[in-house]
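Next come two complexes built around chain A: one with chain B, the other with chain C.
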Partner chain A sequence: MANPKTLPGANGKRYLFGRLFIWTLLLAAAVLYLGPIYVVLSTSLKDLAEIRAGALLDLPHELNFTAWREAWSSACIGVRCEGLRPYFLNSVIMSVPSVAISTLIGALSGYALSLFRFRGANIIFALMLFGCFIPFQIVILPMAQTLGYLGIANSITGLIVVHTIYGISFTTLFFRNYYVSVPQELVRAATMDGAGFFRIFWHIMLPLSVPIIVVSVIWQFTQVWNEFLFGASFTSGGSQPVTVALNNLINSTTSVKQYNVDMAAALIAAAPTLVVYIIAGRFFVRGLTAGAVKG
Partner chain B sequence: MATISIEHASKSFGATEVLKDISLDVKDGEFLVLLGASGCGKSTLLNIIAGLEPIAEGTIRLDGEVVNDVHPKNRDIAMVFQSYALYPNMTVERNIAFGLEMRRISKAERKATVREVASMLQIEHLLARKPAQLSGGQRQRVAMGRALVRRPKIFLFDEPLSNLDAKLRGEMRTEIKKLHQSLKATMVYVTHDQIEAMTLADRIAIMKDGVIQQIGTPQEIYSKPANMYVAGFVGAPPMNFVEVDLVKQEDQFGVILPAVLKGEPKNYFLPLPDSKQLETRENTKIILGLRPEMITHNAFTQSTNPEIECDVDLLEPTGADTLCLIRLAGHPAKARVSPLFACDPGESMTFSVDMGRVCLFDGETEELIRL
Partner chain C sequence: MSNPQQRKQQMSVLDRLQRYLPQLVVAPPFLLLVFFVYGFIAWTGFISLTNSRMLPTFDFQGIQQYVRLLAMDRWNVAFHNLLIFGSLYILFSITIGCVLAVLLDQRIRAEGALRTIYLYPMAISFIVTGTAWKWTLNPSLGIESYMQKLGWESFQFDWIVNRDMAIYVVVLAAVWQASGFVMALFLSALRTVDEDIIRAAHLDGASTTRIYFGIILPSLRPVFLSAFVILAHLSIKSFDLVVALTNGGPGYSSTLPANFMYEMAFRRNQIGLGAASAMMMLATVAAIIVPYLYSELRAKRHG
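Up next, the complex of A and B:
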């Protein structure tokens, strides 16, 4: 064995400079990303007097959660002064079904497109992929008309429908690409055993799909929760999602700009996606890189 | 009772014809092996019997009943796959029981049947494991168990041993044969391994390019191959083919075999058994098929066999026999002799040629000339 310390390039000036360069770069990137979060977090914990005194980058003198309480339950959005809470609940009621339904439909269609290759499966898949590239703005008008026609305009149900439809392209893509690596013989064996389309899906494919289900859930939850345009266009008043409410809260401050409440509200609105990612994130990376099913 | 009868079956994938007008009958309790190189259509034929591929033209009957449009699960057939295709998320027990579960057999009965099959295959201790925790040989047994548990009329095997190492393959081969003897079920077995085919089959069907070249017992296939493809495919080392002239000397038909003795070309006249078939072919080119064991040392063979003396270029000892590399009609050929009689490489040696068992092929059509 060669001693790693004596190999060319293992030590000396060039090595040191290389390391220094890398560390500096990483440090700069970290500051760039974490700086704004630090400012938002520390501002949300200050009172207004402290904020007015300037010193944006200072730590708060004491941990003061008044702004958080206000943002959650008493800040005024338009004429209602109930804080973000009702809108946060709206977002939960909107996200959970749209994530669940779009993931389930994506799994089913991905399974049909990859393991039950029927005539024209590739064309259908290509058309579904196309859906991933349609910008939100294009569909707003026809979508509004459709929702009106169906009688679910200005409702959370309407948003659930919109997000489910919009998400199917992505979830189908995920599941189809995952199932392509599942051996065809598995389906054949199950067919010989007497299982049909849905029983193979339920007993064999879904249990194999945990990694890609996690990917689909994280992706869809982030998309649906953070979405603003559909929420702003298709709902008003009490049925708005939290993203729209956050915008209104910040814009409807009457006299003094309450930066601490705004910051706390922003953090509250962003928290769920962070929590989902922290809980399931390692599956996310694993699900994106893995795919092969080891038998 | 379970017979399979296929009449004029054809199948294409896009522009490629995979099966061309296949007709085949499998008797009740017969072990039929479909043998051929990869891409010859043997697996497609198996899938058609299973019902996993629809048949494009022709009819397929099980027990005399047309099943062209019968779903696989209603054909009472079980299949063992090359990759075993075990369900990765289920335990061995549930893997084996899955077919019964799908047929709504009660839990207690399922459990009892699985135990029985597991003890037969000696995998009882594995029942609680997942497929990922099994070795290749154990997975193979589980796949067999999954087929056995339903007690189907017909078993289909799609190259079930090709993922195993050589030793295990030999053991499993014996077990499959024992299984066939005890179950007396109809089995169709696809392989590209001619040893597997020879050892297992009651009858072998050799396929090439979607056409069955020959169906017969292993012995028929080996000693009377229908054409040069079959002759070359079965047997290891393969049959030697020598292009020779058919001549008549002193009222005796025979062939002129060009060999090499001490570096000089030397022709031998080898008499053939009398046959009317040869009359029309006098002075034409035919192909002489000689299996290596038909060219052997002359110590114990009958003295009536003609002898040739020729140079031995190389020796390949295999233990039981030694293969001598000689040159016939300018091409390398192999002779199989006892290691006791093998000469040194580079020397010359006398071989006796078993003319009673040689095969003659038409030089044009490559078909066997039946004597």
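Up next, the complex of A and C:
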């Protein structure tokens, strides 16, 4: 949008009124978006007496981190009272390899599909792309059986396999659309100089790919960390990821509800992706819009 | 000792291998997806035609599961909820996202910070979103009792425990999470609109409002379409948010098809019925996605 001040027809008073209107709306929206996270954070810092007094939107009287400590290391989830920590570690162990492997595979197949337009490349790409959109309910029954055959049912290894496979659709999309804009002459010239497929990939393409690698890693990490259906379907007890453990904690009906512990646990489970978002939000947005704008 | 003839042949094998390397590299991930996406779809389709209960069986019984499915109140409630949820979720997310994007496009000083605030819900999981809203909206200690204690005695907001309104709470939380994403989508498109056209329209005396409604927004039609397709397929996939927020309740008044499927397959030993409902979900997604992908990829090939 052009600078309104330099445009004709923007007189002072109307302009000021317009700015006031815009700012009011934008700030009201900001309050609504921040509301739930404020409520969760302030609840996590209150003690139970304060919470039961019903002052939902008030600031906590004092900063009290007991609930955080309990959520992390001693809250009871199912029969185990070790807090969220073991499940948090499960999620770390689960995400690191599945993010790394699916990004590597996506980079290679995106490279092959975009810069070497062999016959059928577009159809293969379209068929792979469809995997981004399927509701995963369609695969969980066969997958449960397959994981059983492979002997990795109810294990983090099983979840790594599942997340890697279904991540490939997205990572291939990212890299393919990124490499499409690389001039094919570059590859042709390198081939003339005697460089092979992998040498070109390693020495020319990868150094060019840093932004899209960041996009892919952030996207995959967010997806895998936040995923719930696979975790709930294929694991139980000690091998559950953090989202499933959090849900079990929140929806447990056995003991007295400790709302502050619940809220602290929710923030702990959300922390890694939130931190990534705050540090590298720009790349996160690119990942979100990559599938939409470029098809 | 190899004669030149033989060596030439070896070279050509290597050469050919080199030439087909791209195909060889794509083959493993492609075949993986063929098996784990298309093979599994066929597998689920097969299960949906059998009398499987706790374990998959080969007891073939035609479309019996689909007949049972369509006669079940639980399924019909879930599908009806999907229609309500899907249309409101898409409508509000696009409207709010679009308005925020246009407002942010007016040379706002703190644009970066505001954008970060609007979009952060997209970075957290549905389970966390559900937890946050469940707590905020719970009638005994949440926003309702807070307002009443402030002196607004008649304030009522008990949707989350109200059979007729619970699905709208799911809409509320889902829109909260997705509208920032739509904002980002529109904002990046608004940044590509040609400034000269806007300047020219201003010179002709058109107001900013008219320029947006008459010129800019109509030119964003492809973005509206993308946003629609993405939100539509996300709404069909919605599962975790309902689990964390209402757990489908009260009763099963706020279940969605995805929750129905999980319930049948993993809790009630009705694998055949679960598979049939999964096929219905897939058909709904495919009806939206396949034409979209087809037109997108075709357009690109010609462009």
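Quick note on the criterion: the second predicted complex is superposed on the first by the 267 of 295 C-alpha atoms of A that agree within 3 Å, B and C clash if a C-alpha of one lies under 4 Å from a C-alpha of the other, contacts with A are read in each partner's own complex, and residues count from 1 in each chain.
Operating definition for what follows: a residue touches a chain if its C-beta (ideal position, glycine included) is under 8 Å from a C-beta of that chain, and two chains touch if they have at least 3 such contacts.
Everything quoted here is computed from the prediction, not taken from an experiment.
S.K.: Counting only touches as set out at the top, which of chain B and chain C does A:Leu108 meet: first, second, both, neither?
M.R.: In the superposition, A:Leu108 touches chain C alone.
S.K.: Tell me which partner A:Met192 touches in the superposition: chain B (first), chain C (second), both or neither.
M.R.: first
S.K.: Is chain A touched at more residues by chain B or by chain C?
M.R.: So, of the two partners, C touches more residues of chain A.
S.K.: Which partner chains sit in contact with A:Ile140 here, chain B, chain C, both or neither? Use first/second/both/neither.
M.R.: After superposing on A, A:Ile140 lies in contact with chain C but is clear of chain B.
S.K.: Look at A:His61 in the shared chain and tell me whether it touches chain B only, chain C only, both, or neither; answer first, second, both or neither.
M.R.: After superposing on A, A:His61 lies clear of both chain B and chain C.
S.K.: I'd like to know which partner A:Leu208 touches here: chain B for first, chain C for second, both or neither.
M.R.: A:Leu208 sits against chain B, while chain C stays out of touch.
S.K.: Contacts for A:Thr172 in the overlay, against chain B (first) and chain C (second): which applies, first, second, both or neither?
M.R.: A:Thr172 sits against chain C, while chain B stays out of touch.
S.K.: Just which bits of chain A does chain B share with chain C as contact spots?
M.R.: Shared contact residues on chain A (touching chain B in one complex, chain C in the other): 293, 295.
S.K.: Per the contact definition, I'd like the list of chain C residues that touch chain A in the complex.
M.R.: Chain C residues touching chain A: 18, 21-23, 25-26, 29-30, 32-34, 36-41, 43-44, 47, 56, 96, 99-100, 103-108, 114, 116-129, 131-136, 141-143, 145-146, 149, 176, 180-181, 184-185, 188-190, 193, 195, 198-199, 202-203, 205, 207-208, 223, 226-227, 230, 233, 236-237, 239-240, 243-244, 247, 258, 261-262, 265-266, 271, 274-275, 277-279, 281-282, 285, 289-290, 293, 296-297, 299-301.
S.K.: Could you pull out which chain A residues touch chain C in their complex?
M.R.: Touching chain C: residues 1-4, 7-9, 18-19, 22-23, 25-26, 29-30, 32-37, 39-40, 43, 51-52, 54-57, 105-106, 108-109, 111-113, 116, 118, 121-122, 124-131, 133-143, 145, 165-166, 168-169, 172, 196-198, 222, 225-229, 232-233, 243, 246-247, 250-251, 259, 262-263, 266-267, 269-270, 273-274, 276-278, 281, 284-285, 288-289, 291-293, 295 of chain A.
S.K.: For a test of understanding, state which residues of chain B touch chain A in their complex under the given definition.
M.R.: Touch list, chain B to chain A: 47, 50, 52, 72-73, 77-79, 81-90, 98-99, 102-103, 131-132, 139, 146.
S.K.: Applying the document's contact rule, which stretches of chain A touch chain B when the two form their complex?
M.R.: 183, 185-186, 188-195, 199, 203-204, 207-208, 293-295
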